Structure formats: structure tokens, C-alpha cells
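Chain nomenclature is as follows: A, B, C and D, assigned in order of appearance, with residue numbering initiated at 1 for each chain independently.
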Amino acid sequence: MTSEGPYRWQPLVERDGTTIAESPWGPDDEIGRLNWITAESQREVLSRIVPGPTYDLAVSLFMGMPAWLGAGDPKYDIWMTHTPAGTVVDDLNGVGPELSSIYSYCGDAVTMYTHTGTHLDMLNHFGFHGRFWNGWSPEKHLGSRHWTRGGPEKYPNIVARGVMLDIAALHEVECLPPSYTITQEDCTSAAEAQGVTLDKGDVVMIRTGRMRYWPDQEKYGTDAPGIGLEAAKFLCEEAGAMIIGSDNDSVEVDPCEPGTYFPVHSYMFATAGAPIIESLWLEDLAAAQVYEVAFLGGPLKMTGATGSPLRPMAIPLQPR
Amino acid sequence: MTSEGPYRWQPLVERDGTTIAESPWGPDDEIGRLNWITAESQREVLSRIVPGPTYDLAVSLFMGMPAWLGAGDPKYDIWMTHTPAGTVVDDLNGVGPELSSIYSYCGDAVTMYTHTGTHLDMLNHFGFHGRFWNGWSPEKHLGSRHWTRGGPEKYPNIVARGVMLDIAALHEVECLPPSYTITQEDCTSAAEAQGVTLDKGDVVMIRTGRMRYWPDQEKYGTDAPGIGLEAAKFLCEEAGAMIIGSDNDSVEVDPCEPGTYFPVHSYMFATAGAPIIESLWLEDLAAAQVYEVAFLGGPLKMTGATGSPLRPMAIPLQPR
Amino acid sequence: MTSEGPYRWQPLVERDGTTIAESPWGPDDEIGRLNWITAESQREVLSRIVPGPTYDLAVSLFMGMPAWLGAGDPKYDIWMTHTPAGTVVDDLNGVGPELSSIYSYCGDAVTMYTHTGTHLDMLNHFGFHGRFWNGWSPEKHLGSRHWTRGGPEKYPNIVARGVMLDIAALHEVECLPPSYTITQEDCTSAAEAQGVTLDKGDVVMIRTGRMRYWPDQEKYGTDAPGIGLEAAKFLCEEAGAMIIGSDNDSVEVDPCEPGTYFPVHSYMFATAGAPIIESLWLEDLAAAQVYEVAFLGGPLKMTGATGSPLRPMAIPLQPR
Amino acid sequence: MTSEGPYRWQPLVERDGTTIAESPWGPDDEIGRLNWITAESQREVLSRIVPGPTYDLAVSLFMGMPAWLGAGDPKYDIWMTHTPAGTVVDDLNGVGPELSSIYSYCGDAVTMYTHTGTHLDMLNHFGFHGRFWNGWSPEKHLGSRHWTRGGPEKYPNIVARGVMLDIAALHEVECLPPSYTITQEDCTSAAEAQGVTLDKGDVVMIRTGRMRYWPDQEKYGTDAPGIGLEAAKFLCEEAGAMIIGSDNDSVEVDPCEPGTYFPVHSYMFATAGAPIIESLWLEDLAAAQVYEVAFLGGPLKMTGATGSPLRPMAIPLQPR
């Protein structure tokens, strides 16, 4: 069912059972498995697309939207910087009220936690014991305002095979039960039921069904079903996933096991070198039973950020 | 050289030589020419892509980056909301210092003017005499925080033919002179020199060469060469452009003609119903002399915004 | 019990029972009753202070603090702009890591709704039918970013007699019941019980006892007891209050009467020309049974704002 | 001319000529010399005030205002969260358009560097070699969002004797020359010329004349005259200053000596335990030749901040 594997990297630091990997792409690597995106890998996936309608995989950003704000992060805010009537009064553009009455001008600004809406988690988002992917440390690489390593400005646009594993459909439910831990077995069974393989370099998209509750923050964001460490390790190390995404808000099951804190995040970034995508809109793919796609899109290149919104699209692939 | 045209819409309001168009897609239309994106239009462009490497058309966002901030808009700012060491001290995540010492946590937030970096200008960005595309008005459609019409959350992902017109190359310069007004003649000559046609539904990308100065704010952002009204009207009405983009910071020539204020913007949004993309990274396409591409990408769906960053990619097309 | 009154101003606009007053201080007036602060009024109050310890009337601002955010306003946020270790990494100050290692540098920034913590509400905060104190209108006086009339930058430092009316003590409760409407009778009874008069130009401080619940947002901010319109009119028109403050979060009773929306606010600003102070810390005055004080302090001069935090102090007055 | 002194504290850490002091007020002290504010000290200064008009010592905050933003801090921004017309459209308050048409509602929010306008610098703003006043360290006391030690929420309202030293007047200039270093000699000469002493516990206010250039950022903020280390040490150690303020933007001379970075800041906070006030408005005191005052006002209690705006007032004192 899966490709050649295993995809495990040499440890750089090991401590109390946790591993910071040495990037197989060298000491200067900042993007981990996204190094798998090459001219050849893009050729392969693009050569198989089915020309026609595309699927939008992103949710909308709006005031009051569901978001993981329990640790004090700012909510999504948008505000006007220029209004047609206000510009006539304040003349901020300096052209005088007459011209501003003719050419009506509007502008706005946003503030948001970088992990808002459909977004990519970069490898600098979580680490173990103060060390991060490829050995980065706050002492050497964290500025006052942002990381100097691992930001999305280093990421290529993502052009890769995407595989959607509809775990909710596998269990014949609209949405998996609260706090359900998705297993390796769930992943392989879903792939088999759907008739897809998992290949090295895939963007694996796990559908829990949670997006059915969107945008009800309470129902969407509490006790989400998601993958556990076992499934994450299988997908990264055996199946060769490049990225794991999900329609829930943190990919991994909530709450995590006692004595851990987002263990799948730390594992995926620091040990596996694989980014995460959260809050993917998979409902349209699920309705159309489209499981194998070209995943196209990239994070905003916000220098040094730990997360970045993106607006990916999916294009169905022809069977090999 | 161009397609069937003309692409002019019925006026809804006319005043002092300015026109607010009635959308040919009906009173509820919020996206103008992006209605041209259909299953069929996507099929056509996707069927011609050359599988292989893709081109990134977006610049990075970073503190101190060039931006159009003369009217008081906030600069791009990023700031940490969680640091590994800080989390051990403040325990904002509530799991205690021990767990936070093991699972090192980082987060950040951004504030930005929505018209920052490579971004799309929505049709609600500029109007004439307090009226906007399809008759929208602040009185009825502008909330305290954002528009209720015309935001990017209504926009499909853009999947369209893109044509790059390298006006700098046409004139055999690295960058067009300051304040140079690009004309219809420039556009048709460049297309001819490049051996490309302009078709209905294109994302027309005008290369001025200004990106050579990036990220020198002074040189990049002052007195930019860009299109004038004549070229904008030609591209929209005759050539059937869906979107006009450019590598400069406002598509249109700076400064604009005396007695006007971003006249190309108001024309394109209110009269033509065509969005704008600013600060496109076209240097790689130019170096490779790739002029005809699939343009793929969409704005972040920031509800009601007048601008939105995006990270588009280009894939070369096979000749028809 | 009260001074000469009545203190009612000529109507400029009347509509459906609401009144926008014409300022008795002329068409350019922006501060209403604060015009009562003169050299003479300051002399009078300062001549009676009891030298000795002062009382702090302000609460702390902190992340997660109680605030009136139900209408989408941003919460109080603070974030680091410079950290000692980060500055060594990012060199944002440009002096190099060596100097930054010696001179350890820290900085931070805040975002807040202007009506956060102990704050003054300016006269431009509420009006009737789109008209405000002295006839201001958004069309003429509201810019894109802020009002051009009535901001705290026009306000003098407040130096005035303050009278605390301990309505909770009057009713012998720790805190008035939820949604209790404080009446004129409550105000006059409390003044009598406390042995104080109400004079023209006073900062009247109403103690409901709600601050006992601080900082429990749920208990502090829901269904607060507060003054009703009758008491507000009495205090402004008969007693000559210059400002009305309270220890609750909106001075007036919550919820307000059906068919109204913060009616005391609109009345006080547009009709009476009297500002409001919210979330005053009156617990120390109450514990010491100090009722008559010099009220000293002024809002931050945030140009054009509708609200502004302040940190007032109280100094007991000698009996006349 | 000065009081008993010297006011030097025991070193806790000494390294390469720099000293972190052990607070004489004990290991839990967070406010340094502000411990000198007692019931008795307040009684003394308040007993000498001259009842009558007061002086406002604060500048206005406004968009585009002068500020020290060279290290990437955000400018002062204010923006509307509620407009009368917008509220009718968006109904963010949830009461419906009818009520919002009657009760016209306005709100706004601000973002600012905490060191903006007239503001206090807390002791956690600068240290030496990663250690701060009383031994605080980022490792133990700096959270992700703010310090847990030394914030203005711990500061009492300031009620103290203030002495203005008009160094510009001493030199008979409107403003001291660019980069002029104010000396101990300047301070003692000005005090003598003005007929005032310097006492333990004073808020010493140094007038350079720079405020004459306000709000011209270029002229106000570049190469400011200010005190040097010698004067700072004299004022703190010999004269017993509690706080040193100035009308310039950083109290100390700009640029500082080669091989240093704001050495007066680090000295005053870490070694002397004395806060700083910047951008004081001293023009009215200077015009009135009022040199000895009661300084009244306190910083906004923004928990953990390194700086905080305040709006102080001055009341002339009767000669002893």
C-alpha cells in the first residue's frame, strides 16, 4: 500500500525519548521534506491532472471565526484604514477633499494569529527541550520578532500529489466522535477502501468530518478527533508523507495523552521534518469522492513565521 | 492580436465622465470578470500546461519591506505570541512549566495593511463619487470594520491563462524610466514581439522591471512606471483582460495625471469590473522568457477586505 | 443638597424625544462641561486638600482582563518588540550583537480598545440619530481613522471636586443586585447618609460594589447594576455633575430598557455634554469611608479618540 | 545645593564595569526609588502646593507623531471599531439597525509602542549582560508577552516634588545644540540660577528645548541634546533624584558615546533603580519660570510593560 520507506532521519539530539533530527538535506536545510518538491516531482504530478474544475481547500477568515485562542493569541481582526467619507474629512492621502470625493478610496488592515484559518505550520512551531528541526535554537535563531530559521519565505509553492483519507466515511459517520484517536489501521483501511496508495512526497489530508460543525467554535474546536502519534509516525516514516493536513484545528487528537503537549506537532516538526496543514476544507472533495489530487498552493511568505495562511486548490488526478 | 470584444458593461450611474457599471452577471454579482472562471475555462487552460517546474510569483513579506504607506496605513509587523522560554515563565497554555520545557512551543501574530506584498485589489477598493462596482455604496454595504460586498471570500481560486507582457524587454531596458506611461501600443508591440495573443479571460501581467529595485523602498516605490488609462481601457475592453497585474506597486503610472487619483484603479474596479494584482514577482518568468502560463492561486478569503495577499504560481503552457 | 441648577442646554436638534444640545460654550466647544475647569475652580478644590496619602482610582490592564468586547472590539494585548536575547540575534537596533549583549534591551507594544480598564468616555462616543454634541456629524467630522472633534487631546487634566456616592453601602450590601437601577433617590439618600452635598462641577463617582467581582469577567461584566436615565438627568441637570463615573463597566444599568441602547450614554454626551468614567477603583475610598476628594488625572491625549484610559488619584478634602 | 546622599546601592552582579544593584528595599522590590513615595513624602509635597491653575506635562498622541521607531517598533495607530453608519450596516452590537440609527455608536482601538509620547520607562526596560534591576533575568521573569517583574501595575501614582532644570535657559538658547551633553555642572548651575535645591526623592525634569521642534520628527528626534552618564550619576547618587525626565525623546544625549548603547538607561534602571520619563512637555513651566512643583500622575498600569504613557500635571509649590 505504501512506498519504499522507511523515512527516518539521523538524530542530532536525543533526550528522554525525544529526537531532534539532523536534516538529511544538510545543515542549512530549513524546509525538511519539502525538499522532495523538485522539477521532476512536479512534472510527475502535473502530468496526471484532469483538466477541469478545481477544488478550493480553504475556509474564509472572518471576525468571530473559530480559532485556537486559548493561550492568549489575538483573534482575527480587520479594520478600515480608509473610507470614502472619512478620506474626504481627514485627507490622509493628501490629495484634498475634491479629488477624494470623485475617486472614492477604501483600505483596510488585519491582525491575526498566524495559525488562523487554513494554514501551514512551519517546522519552527514546535520542538523538544528547546531544540528544533536541524538543531535550531532560540538562543541562536529566534529574534525579538520572529525566527531567523524555518519561515515560509523559504518554502516553495507546494505542487504535490495529495491524498485525502476520509476516515469519517470509513466509519460511516458524519464526523468522528469527540477525541477519537485516528490510527495507522484507520489510515490504511481508508486508503484501501478508497483504492488509493500512499506515496512518498504526498500531502496526506485526513478528513475527520469536523468541518461539518464549522463555524461553530464550540463544536468545531473542542475535543477534536485527530491522528495520534502512532498514525503520525506511520504516515511520516513508512508512507513517506511530506505534509499531513486535516480538516480539524490541530491535526492531532484533542486532548492529547496525559503528560504530553501536542506531541504529534513536536514529532512531526523536530523528528520527521514534516509540516502540518490545519483547518483544510475537504467537504467538496468528500462529496465528490475525489481522493487523489494535485495539491497546489503555498503559504504566504511571512518571513520567519511559525504559521502561515494559504489558499490551496486541488485538481483531480488521472489514475496511473 | 486580441479576442472578440468589446467588453464594456452597461452604465448604472454616470457622472462627470465617470461610470459605475451594472454587472452583466446580475445585481448580486460581487466578483466581476472573475465570473469568467468556469469549469470549461479551467479545463482549457489546464489542458495545455507543460508538466514540470512551476514559477513562484510572490515576494516575501518582512519587517521593513517596501509598501505603499503614505496614507497612514500600518507597516507589516510580526511578533511572537509564544516563545519556548517565555512559555515556561508565563504558562499561557496552562500546562505547566515542566511540559512546556519538553514540548517547546512558538507562535506569532501579524498586522498588515491588506495591500502588502503580492496582493489582489478587490472591486470594493476604489469607486467613483461614493459608488462602487454594481452600485455598492458605503451607506448600504460598508460596516464599521469591513465591506459586506466584494470581499475575497467570494472569489474562486484563480485558474486562468496568464500572459506576461515584458514592456521593459520591449524597450531593451532593465527597468522602464520613472513615471513612464505604458501605452496600448506598448502592450500590442510586446505581445507581437513575444509571439503571444491576448485573449478574453487572461490575467495580463505587465513587467516594468521595477522589481529589480526590490526591496529598496525608495527606488521601488517612487515614481513607478505603469499603465495609463488608455492601456487599461484597451486591455479591459478590447483585449478582454480578466485581471491586470504588474511588478510595480500600483499597476498604474505614478504620479497619475493632475486632477486624478489612481484613475486606473477606479476605472478597473467600478467601470470594468476587473481586479488588479500588485507587486508580482515576474523576474523568473522574464529570465526564462516564458510569456504564456497557467496562472494559479487565489487571495486569502479575508471577509470583506479590499485587498488580500496571495501566493500565485505560473505553469508554462504548450502553444495552441 | 445640591447646587444652583438647573444645568440644561439649548437644543440644537430635537427628534423623536432626543436632544442634541448646543454647547453653551459656543460652536467650537469640544469638551462640554469640562469647560467648568478654570483657574478658580482648581484653586478652590486644591485649597482644601488634606496633605497625606493619595488614593489610586485605576485598575490594572492585563491580558485576559474584563472588558466590554461583545461587539467585536479587540482584547487588551501586549507583546514584546525587543528582548535581550532576541536583539542579539536580530540586531534590530543596528548596534551589533556585542553591544546588545552588554546593554540588554527590552521593548513592548500594546493593542487595546480605547474603552479598556479605567477610562474616560468622550462626548463623541455616542449621539442621537447620527448627530453628536454641539452638532458634530460623521459626514463632517469623522475621518477614516478617528474623529476630528471631541478627542481627549482637547481635554485639560481633570482637577475637580470628586464625590463618591456609595450606593452599595447605602443598601448595606457588598454589591448591588444584578441589573439594579440606581435612582435619584439613591443618590440623594447616599449623599445625605454620607454627609456630603453635590456641587456644580463635581466628578460624581457611583459605587455599585461591582469591583468586588473584579477580575471575574463573567461576574463583573454581566447584568451590572448602574444608574438609570432618571438619576443621570438629576445628577447632570439638577446637581450639576461635570462627569459621572462608576466602578461598573458602563456606568448605566445593564441591560438597558427595551427599545433603548445605552440611553444614559447618548443622553450624557449629546444632551448634557458630560463625559463618563468607567471601571473606577473605589474600593479603597469605600474602605476608608472617604467621600469628598480632589479628583486629579486626565485621559491620555489620543487624538480624536472616543475613549481613553486614565490613571486618576484622589486626595481627601477638608470639610468646608 | 543637594541633600544628604550618596544614594548608591550594593552591587548584586558586577561585570566589566557594569553593576546590577541589589535593591535596598529587598529582594521582592520591583519599583526601585519609587519606594521613596510614602504617606509622609506625599504629605510634605502636598502641604506646599499653591492652589490654582495646574500645568499639563503631556504631549498629544496622534498618527504620524514623532516617535523612536528606528528599531522596528509599530507607530501609533488608531482605528475605528464602530461607526454610526457602519453599525447600522454590520449590527456588530446585535441590537438591530433601528436602534443603532437612534443611538449612534462610535468606538476605536489603538496600537502603540509603549514608549510613545510622554511616557515612563520602567526598570525592566534596560539591563546589563542579561541581568536587570534587583537581579531579574529573562530566563526567570520574561514571559512570551511581557515581563513578570517591574511593570507599571506595581507603581504607585507619582506624588512627588518636581524640579525643572532649564538647561536651555541657562545657556540662553531656545534649544541646546544637537548632541550637546548636559553635565553635572549644567545641572548645578541651572539649579543655582533658578534658586532651587535638588532633594532626595525629586522628579528632576531636564529641559533641553527640543520640544520647540515638536512635532517635526526629523528635528525633534535626531541628535538630541541630553544628559550624559556623569550628570545621571550625579543626579541619582548625589542629588537623590527619584526619577529623571526630559523634554527630549530619550533623556540622554544622542548619539551616545562610541562603544555604548543608551548607557544612561542601563545605568539608571539596573544600577540606580531610577525610572525615566521621556518627551515631557515643559514649555509652559519654562514660559512661567516655574521650577519647583508637585509632580502628580502615574503610568497606565499595563501589566509587565517596559514603558507606559502617562499624563502628569504640575502644581507650583510655595517656597519652604
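Note that in this section a residue touches a chain if its C-beta (ideal position, glycine included) is under 8 Å from a C-beta of that chain, and two chains touch if they have at least 3 such contacts.
Predicted model, so just to flag it, every value in this text is computed and none were measured.
K.L.:
Given that subunit B is a copy of subunit C, what angle of rotation, in degrees and a multiple of 5, matches their CA positions?
P.N.:
180
K.L.:
For subunit A and subunit C, let me know how many angstrom lie between their CA-based centres, rounded off.
P.N.:
Chain centroid spacing, subunit A to subunit C, equals 45 Å.
K.L.:
In whole angstrom, what separates the CA-based centres of subunit A and subunit B?
P.N.:
24
K.L.:
Hey, what residues on subunit D touch two or more of the other chains?
P.N.:
63, 72, 74, 77, 79-83, 85, 92, 107, 109, 111, 138, 142, 144-146
K.L.:
Thinking of each chain as a vertex joined to the chains it touches, would you call that graph a line, ring, star, complete, or other?
P.N.:
Drawn as a graph, the chains make a fully connected set, so complete.
K.L.:
Which subunit A residues qualify as touching subunit D in the complex?
P.N.:
Per the touch definition, subunit A meets subunit D at residues 72, 79-81, 83, 85, 109, 145.
K.L.:
Quick one: which bits of subunit D touch subunit B in the complex? Just the residue numbers, please.
P.N.:
Going by the criterion above, the answer is residues 63-64, 72, 74-75, 77, 80-83, 85-87, 89-90, 92, 107, 111, 138-146, 148.
K.L.:
In the complex formed with subunit D, which residues of subunit C make contact?
P.N.:
By the definition above, subunit C touches subunit D via 16, 18, 39, 42-47, 49, 51-54, 56, 58-63, 70-74, 77-85, 92-95, 99-115, 117, 124-132, 138, 142, 144-147, 153, 156-157, 159, 259-263, 265-266, 296-307, 309-311, 313, 315.
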